[in-house]
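Multiple structures are listed underneath, in structure tokens.
Look for chain A in each of the two complexes below; its partner is chain B in the first and chain C in the second.
Let's look at the complex of A and B:
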């Protein structure tokens, strides 16, 4: 299983970890300080970016500390790029 | 016992066991504490543990406020030692318990002024007030200026002592000579309880009093100072309350410089007294400080040595029903908010997710009385928007608020055309609060609406004792 991450576990930021999985699904786990208020918006943004990138077989963990939407997008896009850069045959954790 | 014996009664106790033989504590009594020591308080713990030990049940805990350090009370609600809570604010475990419906009775929230009113008009009858003091003498005189744990003004404690049926001074320093500075007179004191330590005065500055600022706070502070300077109010001989926290401290620094340059002087600085107000007193840019609560133990030296630094009790500070409380003379007040809505209603007690995170403090009292009331807040805190269509809990009604200053601009209420004109004439852009709301949502997007049950978890009083709003248990 390959994994990559981007962001920080810090106020106003978000730490995103993406891992390749065997199943053809996209599994999203959200931990957030503002989960009650914004879990729906966070999930919407994550699904939008993943589908734009045409990805499946992913587990995405969002560890959110109240990041604004643009920060969430930037962190997720970078995490996906980092995962891609690792290629298919590596097995190194980020 | 004849009258001479009464005079000779020894007031000083070294064990709670002996104290409770003299001062009867029974099931269902109301006991009170003040919160000057804030996160550093250790008096409530020692007193309540002793009460729990002797098996007293059903106590009403009437505190001027409660902090994270008082989480231990959760267990005492569990075993029935404590059954009701009345306070200005609630944090940590106790806040969670109130919201999840684990408290037997709704919590009553009062502002400091409302608390002063309630203990004097009979709404809140305190059986025993346990008052942390940093020094006492054998006659029962007390202050918070002497001794190793000096914390400054005893403003809340003084009024509790005057109104409770019995008053117990709890201290870790018994002065051998009669105290020179007497905040609570022996005439109100039934007993002096000596404990190893009343707490850690470093905890006074913990909690909401973080000094560490960030660039955003600097922008807000600069906008607040600019607003105050240009709002049309003559600052020379005006009265101001600025609050605590990093924004307020920076506002103080801006105003100090401005007043010094022009040889102007505020009449008085009121409320929680910070190091910056003491600097202004020393620099001659404020004539007097009226100190109901010292947010910095350094205030002790200033109160003792500067005749213009006055310790005042909470009755003098903000009781709406007395003949003349200090808030009524305020010209400018800077207050905070967890939320403010487009009708200008302000919340300082609950968060947007419905949790209890703050305290009313003097918010309602000051906003109602001050000629100009400014709310200083960021547009959003971590994705949580501060400007809402409707606040979760109305603490201070919109009619008492005039200006909102954020990091993204300044809004003034339509009805204050005088302020709008002054600011606009000085080239300061004035926005509508709806504009700031839209700006806020453009960053945060619309949050999900939180659902509440119809079970009341807390009652928020207005200063006159009427219900201002309710806090409901979450679904």
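Let's look at the complex of A and C:
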């Protein structure tokens, strides 16, 4: 199973880990102190970006430390690009 | 276009980027170069790109410091930020006019590819080596798109194998030549950072030295330095008041070529100095 990550476990940032899986699903795990308030928005953004990139077969873990939307998007895109560099052949939108 | 303080912001730290516009710096530089580790260049590039597209930087001019033109990152950095709200890019470690031409051509190419207005993206460069200092005139004259020259003292002293001191005597020639040449070529001249963020008196002296050389502003590495740099690169209340009164007298007399004000002769060069001061005052008032 290939995986890649981006971001840091620091205030205002988000650590994203993406792993390829054997299922045609996108499994999203969210860990955040503000999960009750923002988990829905985080998942919506993650699914939007993954969909734009045409990706499936992924498990995505979001460790949120209070990141704003721009950081979440940038970190996820980078993690997907890094996964692609490891052998995933799907283009990732930047 | 008048930047007293230009504040560096690390390009891979979301919390610093999202608050960078609140400290009163005239401009900020989102940094993709020295503050970003080599294996994080991709993440910083994406982070800065998304920040520029999604955050509100209104009221602060934004530059992005790319990696140097001889790095594998330069064109990727440029491409990531070209179609955003940036005022321009700042390219480090420039040494020769050929690099300026390459930067200009690269920007021109990407403006065409993205359908951006020709000349939209400006650029500044940093001179950080002995060779760069010797070539400043050729560098300044190599592109109309180049708006300013900044001085990088840490790399310069490394290149010269000399110790950097707070007094900065070892930098005097380079700073003076840089400011003089930039002014002669119609470019702005931005002084190096003052690295000791806790030494406010040292910062003040360093600003006064830079100003005396003809620098138009100063790079800043900490939000706590912004207010002092803005103040020290601004005219005093008395200077602004005098400028206003001189200009009023000039207009009252029907704009003569030369006139007397409080016993002193005011001719065109002197008048221009007062007009420049008044222009800056107007900017501060948001006019």
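Just so we're on the same page, the second predicted complex is superposed on the first by the 87 of 94 C-alpha atoms of A that agree within 3 Å, B and C clash if a C-alpha of one lies under 4 Å from a C-alpha of the other, contacts with A are read in each partner's own complex, and residues count from 1 in each chain.
Here is the rule we use: a residue touches a chain if its C-beta (ideal position, glycine included) is under 8 Å from a C-beta of that chain, and two chains touch if they have at least 3 such contacts.
Predicted model only: the values in this text are computed from it and were never measured.
Which of the two, chain B or chain C, is in touch with more residues of chain A?
C
Is A:11 touching the first partner chain B, the second partner chain C, both, or neither of them?
both
Does chain B (first) or chain C (second) touch A:84, or do both, or does neither?
It touches nothing on chain B or chain C.
Is A:34 touching anything from chain B or chain C once the two structures are fitted on A? First, second, both or neither.
Once the two structures are laid over each other on A, A:34 reaches chain B alone.
Output check: A:20 vs chain B and chain C. Expected answer is one of first, second, both, neither. What do you get?
In the superposition, A:20 contacts neither chain B nor chain C.
May I ask you to decide whether A:69 touches chain B, chain C, both, or neither, giving the answer as first, second, both or neither?
both
From the superposed pair, tell me which chain A residues show up as contacts to chain B and also as contacts to chain C.
Dual-contact residues (chain A): 11-12, 67-69.
Which stretch or stretches of chain B touch chain A in the complex?
Touching chain A from chain B are residues 352-353, 380-384, 443-445, 447-448, 450.
In their shared complex, at which residues does chain C touch chain A?
These residues of chain C touch chain A: 13-15, 18, 42-43, 46-47, 49-51, 53-55, 80.
Show which residues of chain A lie in contact with chain B when the two form their complex.
My answer: residues 11-12, 33-34, 36-41, 65-69.
Which part of chain A faces chain C closely enough to touch in the complex?
Residues 6-7, 10-13, 67-71, 73-75, 77-78, 81-82, 94 of chain A touch chain C in their complex.
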